[in-house]
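Multiple structures follow.
Same chain, two partners: chain A is paired with chain B first, then with chain C.
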Partner chain A sequence: MNINVAIKPGLRIRAFYLFFIIANIQTGTGIMGVSSYIYKEAKQDAWLSILIAGVFVHIIIFIMFIILNKYENTDIFGIQTDLFGKWISRILGTVFIIYLFASLLTVLINYIQVVQVFLFPLLSPWLLTILLLLIVSYSVLGGLRVAVGVSFIFFLLSIWLVLFLYKPITLMDLGHFKPLLEASPKELLLGAKATSYSFLGLEILFFIYPFIDNKKRAQLPTQLGIAMTTSLILLVTVTSIGFFGGERLEQTIWPVLILYKSIEYAVVERFDIIVVSQWMMVITPIMILLVWMITYGMKRLYSFSQKKTLYIVLFLLLIGGGTIKEQFTIQLIIDYVAKVGFWIAFIYPLVLFPLVLIKKKIEKKKEGYN
Partner chain B sequence: MKSMFPIVCMFVMLIGCVPTKQIEKLGIVTSYGADLLEDGSIGNTLLYSQFDPNIKEPVQTAESQAHSYEGAIDAANLKTNYKLVTGQIRTKVFGKELAKTGIVRLLSTHFRDASEPATLYIAVSDTTAKDVLTSTTEVDLSKFLYNLIDNNRKREILPKSDLIDFLHKYDDVGIDPVQPLITIEKKRPVIDSIALFQDDIYVDSLSPEETFLIKLTTEKFKAGTHEITLPKEPFKEDIGYDTDKSDKETIHFVLNEIRSKSKVKLDDTEKLSYTVEIKLVSRLIEISEPLIIEDEKTIKKIEKHSSEHFTKQLEEMMEKLKELNVDPIGFGKIYDEETRNKKLTNKEWRDLYPTIDVKFNVKVEIIRHGIMQ
Partner chain C sequence: MDKRTRAFQNSKKKGKLPLSIEQLKKSIKDQLHDEADLIFKKINVQNKNILVFYISYLIDKKRLDENLFTPLIYGDKDWTVEKLLAGLPLGESKEHQTVEDVCTKLISGSIGIYIESENKIVSYSILNNQQRPIEKPERESIVIGPQAAFSESIETNLNLVRSSVRSNDLVAEKFTIGSRLPTEVRLLYLKSLANDDDVQTMRQRLTDLKVDDIEDGSVLAQYVEDSSISVFPQFYLTERVDRFSYGISKGKVCVLADGSPEGIVAPTTFFGFFESTEDVYFRWNVATFFRMLRFIAMFISFILTPIYVAGVTFHYEVIPTNLLMTLGESRSKVPFPPVMEVLFLELIIELLREAGARLPTKVGQTIGIVGGIVLGQAAVEAGLTSNVLIIVIAMSALASFTAPSYLMGTAIRVIRYPLIIIAGLFGIIGVTFGLCLLIIHLLRMTSLGRPYFLPVYPFVYQDLDNALFRLPFGVSNKRSIAYRLKDDTRYKEKKSAKQKDIDDFGGYNEH
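Up next, the complex of A and B:
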């Protein structure tokens, strides 16, 4: 396998789109329930936990860029091959792909569950899965540029939902945040860790990097994308804590949807229904990007045809989406993905970082001797 | 052509996937009333409307017996030829006896079942909920009740009170909810006073006068109106000529466009002494006697006496609340917020509450007195 990949200019994307890709892939179904997770750990200081997590993710992105910039034009598979050799890198790459698939599955089953709870309790999960997978396959067949385009458009089409949080914000009770800074540093860090499922997705940078046209300007949009995610999580968490307070927040599975439930207009009486339908636009780009990552990874690792991988992935997803129904099973898979994802997305770059530096130094020395 | 295939597939498959609900076949529940029956189960009264063009009376009632809210709807479905749906429910009325045993069990479904609305009003009936919901057939009672509460809330007569507020105050330790109390007058439901809850258990009610005081301490007035009664004695010299022949001892003022701010401060965490600072800015629009307001002195006098009047009333109300052990103002919440590393429990606060010491500091300011001197 080549360490560096050559991408034709016609297949490249502008760095500017990284903002939408990052902001979109991170803000999935996780944000619907993240506030109660953080609250369980850090109580009323949850907002501080999010800020800590946000800063940490910014640093990781920074490190990822340093790693990637050491190479000419490569992705995670190229780096792994360079560092560990052919066989270990294949094992690591396969683990990465399995993790991506699991994370893809959680997005799908979680959304289906939300639709069944809020919109159509009697709707068959098979049907919803098929409908979603049709859109996904259609876009993935179009290649990365279509996937990126979808995430750009759908981001703009769904971000307006945030504006309607103003109503629950007016119903907030600021007393719920007092006393300030009661949580111990350990609780704050645990709270920061609880955000990890919502921050997952930044590993796409390791895949998409070779496709970026103007690499020198890639850092800023990516960091802004992270800032966007952080502020969204911060906004919904602060609103949820102010609105629910204490125990009810801990018991609520999707606090964000309950927040939208308190909005009532003469024309639209149940705003949460609009939100759940609109949420399809939030999760489709995520699914498209994840499926693309898997197919691209399989091609790089095993030179497997992207179309074949796509159909296998869709088939497995169909079975997963149609059969996994119990609330507890779904929660279990999500918790598991969050745990594994924490190590793969946040800790793994930190492990790679010194290795890449050492390797490059050795190479330089060798060149010097020659 | 190839790309059209998924699209065509989607259209074909989208047809007929979701169970249909024909509006002509639905009975849309708009009000719900619950009463405690002798055997411990709950007697339910439902008001529902239909969109059937052939029907003469659009609003009908159904009754049932069950142990839960969703169960009540299900049981009532046996007595009607429509499919009862609850997405449009606006008001839940609870009979006094039931309210005395706690009502939150009939409300929690609004946060558990996603298809239930979260924006609705709660009221306690002075007698039974059935009496309220069957008091008249002349008007659409559901609309009447909803507008009765909504309108009075907007006019700043009732304090904040709806399901979200109720559950919020029920969940928080150290604050108790208040909700309107409804009684029947001339076959129409009217708001009589405010029901005080201890957690979710109805304890007692407050008069409209005291309702104003609760609102004054817990919320901000933006444009309220209030009538106050002061003794006539201090104002004798300012009254121009005596028109009122009856020898009354009191003089009445109406304050309008009241804007108020209140702040509850915990002065001492050990002794639990609080100070409540209230500032009330308003306009004088009516006086029952021909009081001549020539200089600032008269206005100052009114301000001073009404401040004292409010302070006295607030202190009396506070005594009553302490005796009942209900805390609608939320002193416990402030105590919990000020003390670190200790979570206040409900039981602890119920023990502490009667021992708290509250000082009221009311400042009334009259900025205008109409277009007359």
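Up next, the complex of A and C:
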């Protein structure tokens, strides 16, 4: 496997799309339930936990860029091959892909459950899975440029949902935040860790980096994307804590959707139904990007045709989406993905970082001797 | 080998010049399958037999008499081929070595002249071109601005384009497409402006096109389009001369086909189909308002009825109580599910439109009245549909007619049906699903190899004006950047002088 990848100019994307890619892939499934998770750990100081987590993720992105910039034009598979050799890197890459598939599955089953709870309790999960997979396959077949386009346009088409949070914000009770700064540092850190599922997805940078046209300007949009995610999570969490208060928040699975339930207009009585259907535009880009990452990874690792991988992934997703129904199982899978994701997305770059630095130094010395 | 082909091949053998007058006559008759109006006129000037032949209904008889027979007979010269070419007061002349050559000219309105025992035939084109006069555009009408439409003759059309794009930069490359019934096709673009890749792509597609004939410019557009599966048109077809020349002046590649009043403008974006030339003639703020109105209309046109179906079938809770009561009251007599009801009414509207388009104008008006008042009122009274639905359907039908491009309007009306059906099956989730697929489809499409969804994706903010809205001419001095034209500046931006304070202005001119 080549360490560096050559990408044709027609397939490249401009750096500023990274903002939308990152903001999109992180915001979606996690944000629906994140506030109650953090609240369980850090109570009313949850907002501080989010800020800590945000800063941590910014640092990780910074490190990822240092790692990637050490090479000419590479992705995670190239870096792993360079560091660990062919076989170990294949194993690591396969683990990466399995993890991506698992997080893809959580996005799908979580949304199916939301639809069943809010819209159609009796709708067959098979049908909904087929609908979603149709969208995913149609855009993945169009290639990365279409996938990025979908995430860009769907982000613009669904960001207006945030504006409607103004209603629950006006209904907030600031008393719920008192007493301030009560949580211990350990609780705060645990709260920060609880956000990990919502911050997952930044590993796409390791995949998409070779496709970026103007790499020198890639860092800023990525960091802004992270800032966007952080502020969205912050907004949602603060609003939910202020709106629900502690006890009710802990019992709610999807606080964000319930927040929208409080909105009522002369033309639209139940706003949450529109939000749930609109949420399809929030989660499809995530699925599309993840499926693209899997197909691209398989091609890089095993030279397996992207189309074949796509059909296999779709088939497995169909079975997963159709059969996994119980809330308990779904929660279990999500917790598991969150745990594994924490290590893969946040800790793994920190491990790679010194290794890459050492390796590059040795190479330089060798060149010096020669 | 059957008789006719053998006869044809014999005639080919006989077609070698020089021939005697009688032999030539027979040879031409064979070639043209005994055309009844083929006229042969034998004249004798200074002991030379000259044969003039033509198809009588194709040529201008006045010019034949004045410019050919008069000088030929009264000139009383010793005619030779050279003298024929030089000495007749007619313009378009050609020499031919074989009879077949002459015959292809004869059927396009030429006369042939042959001096016995010479080895060349001379032909003059004096086509009596039957064409309608330049009329006002029928399908794309606008209120202000030039009012000329293309006609079926490519010569007239080229004339119109040349006179509105007065520049020697305008290239009009000629192609002949169709193996059985050849049609003249012209590729027009501004040499100093149009992107060479675009021109080359279009040229390639035209030369690669191997068909027996093309019926019309719209057919040609379908042959050279990027994707033939999509319902969306990928090239802008226009009958307006100003729209066509506007395309040329914006560096686009345009195509005209003989016998068709449709000009092809390529590449076009999805948003370009909602752009009318009237937007340019209006003031920028008004134009922006109307362009926005058209986008909203398009959205309403395909989203309103599906939303109605989804809401009334599955999500009553979204509908406010007051409206729900009215809806329930008017729907109480209707025995069908909302999908059937909507499809039924949509079908009526579509039938009315189709019937109105097919019928003569006078009867068409009656149909409008019958459809609008009688059917609508009667359908409600008979309990077939609800009052509210009539309004919803009328609104979405009306909205679909606001698209300046007729083809785009049709496409929008067609995609409404799958959306309605899927809304009836899956409710509002189905509508979002349909919208997602639609957007992805538009993202995947290309026009002449350029992204169809420009300038939104790939996002080019400099091109947003003129695509989504319009800015004053003083500000928007750039052509589309995404199309990579040879020159993207229309004129130098005026360097604004120092920022003036309130009372620094000159005030009124007071005399």
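Annotations for the structure displayed:
Just so it is clear, the second predicted complex is superposed on the first by the 370 of 370 C-alpha atoms of A that agree within 3 Å, B and C clash if a C-alpha of one lies under 4 Å from a C-alpha of the other, contacts with A are read in each partner's own complex, and residues count from 1 in each chain.
Just so it is clear, a residue touches a chain if its C-beta (ideal position, glycine included) is under 8 Å from a C-beta of that chain, and two chains touch if they have at least 3 such contacts.
If you're wondering where the values come from, they're calculated on a predicted model, not measured in any experiment.
In the superposition on chain A, contact of A:F120 is made with both chain B and chain C. Contact with both chain B and chain C is seen for A:Y138 once the two complexes are overlaid on the shared chain.
After overlaying the two complexes on the shared chain, residue contacts for A:T284 are found with chain C alone; chain B is out of touch. By the touch criterion stated above, A:R14 is placed in contact with chain C alone, chain B being left untouched. When both complexes are overlaid on chain A, the residue A:E269 reaches chain B and chain C alike. When the two complexes are overlaid on their common chain A, residue A:F244 makes contact with chain B while staying clear of chain C. By the touch criterion defined above, A:V146 reaches chain C but does not reach chain B.
Contact with chain B, but none with chain C, is seen for A:K261 once the two complexes are overlaid on the shared chain. Contacts of A:T252 after superposition: chain B is touched, whereas chain C is not reached.
Overlap of the chain B and chain C contact sets on chain A: residues 120, 123, 127, 131, 134-135, 138, 269-270.
Of all residues in chain C, only 314-315, 317-321, 426-433, 435-437, 439-441, 443-444, 453, 456-459 touch chain A in the complex they form. Every residue of chain A that touches chain C in the complex is listed here, in rising order: 14, 16-17, 115, 119-120, 123, 127-128, 131, 134-135, 138-139, 142, 146, 149-150, 152-154, 157, 265-270, 273-274, 277-278, 280-281, 284.
For chain A in complex with chain B, the touching residues are 117-118, 120-124, 127, 130-131, 134-135, 137-138, 171, 173, 175-176, 178-179, 182, 243-248, 252, 257-258, 261-262, 264, 269-270, 272. The touching residues of chain B, counted against chain A in their complex, run 3, 6, 9-10, 13-14, 17-19, 87-88, 111, 114-115, 117-119, 164, 167-168, 171-173, 330, 333-334, 337-341.
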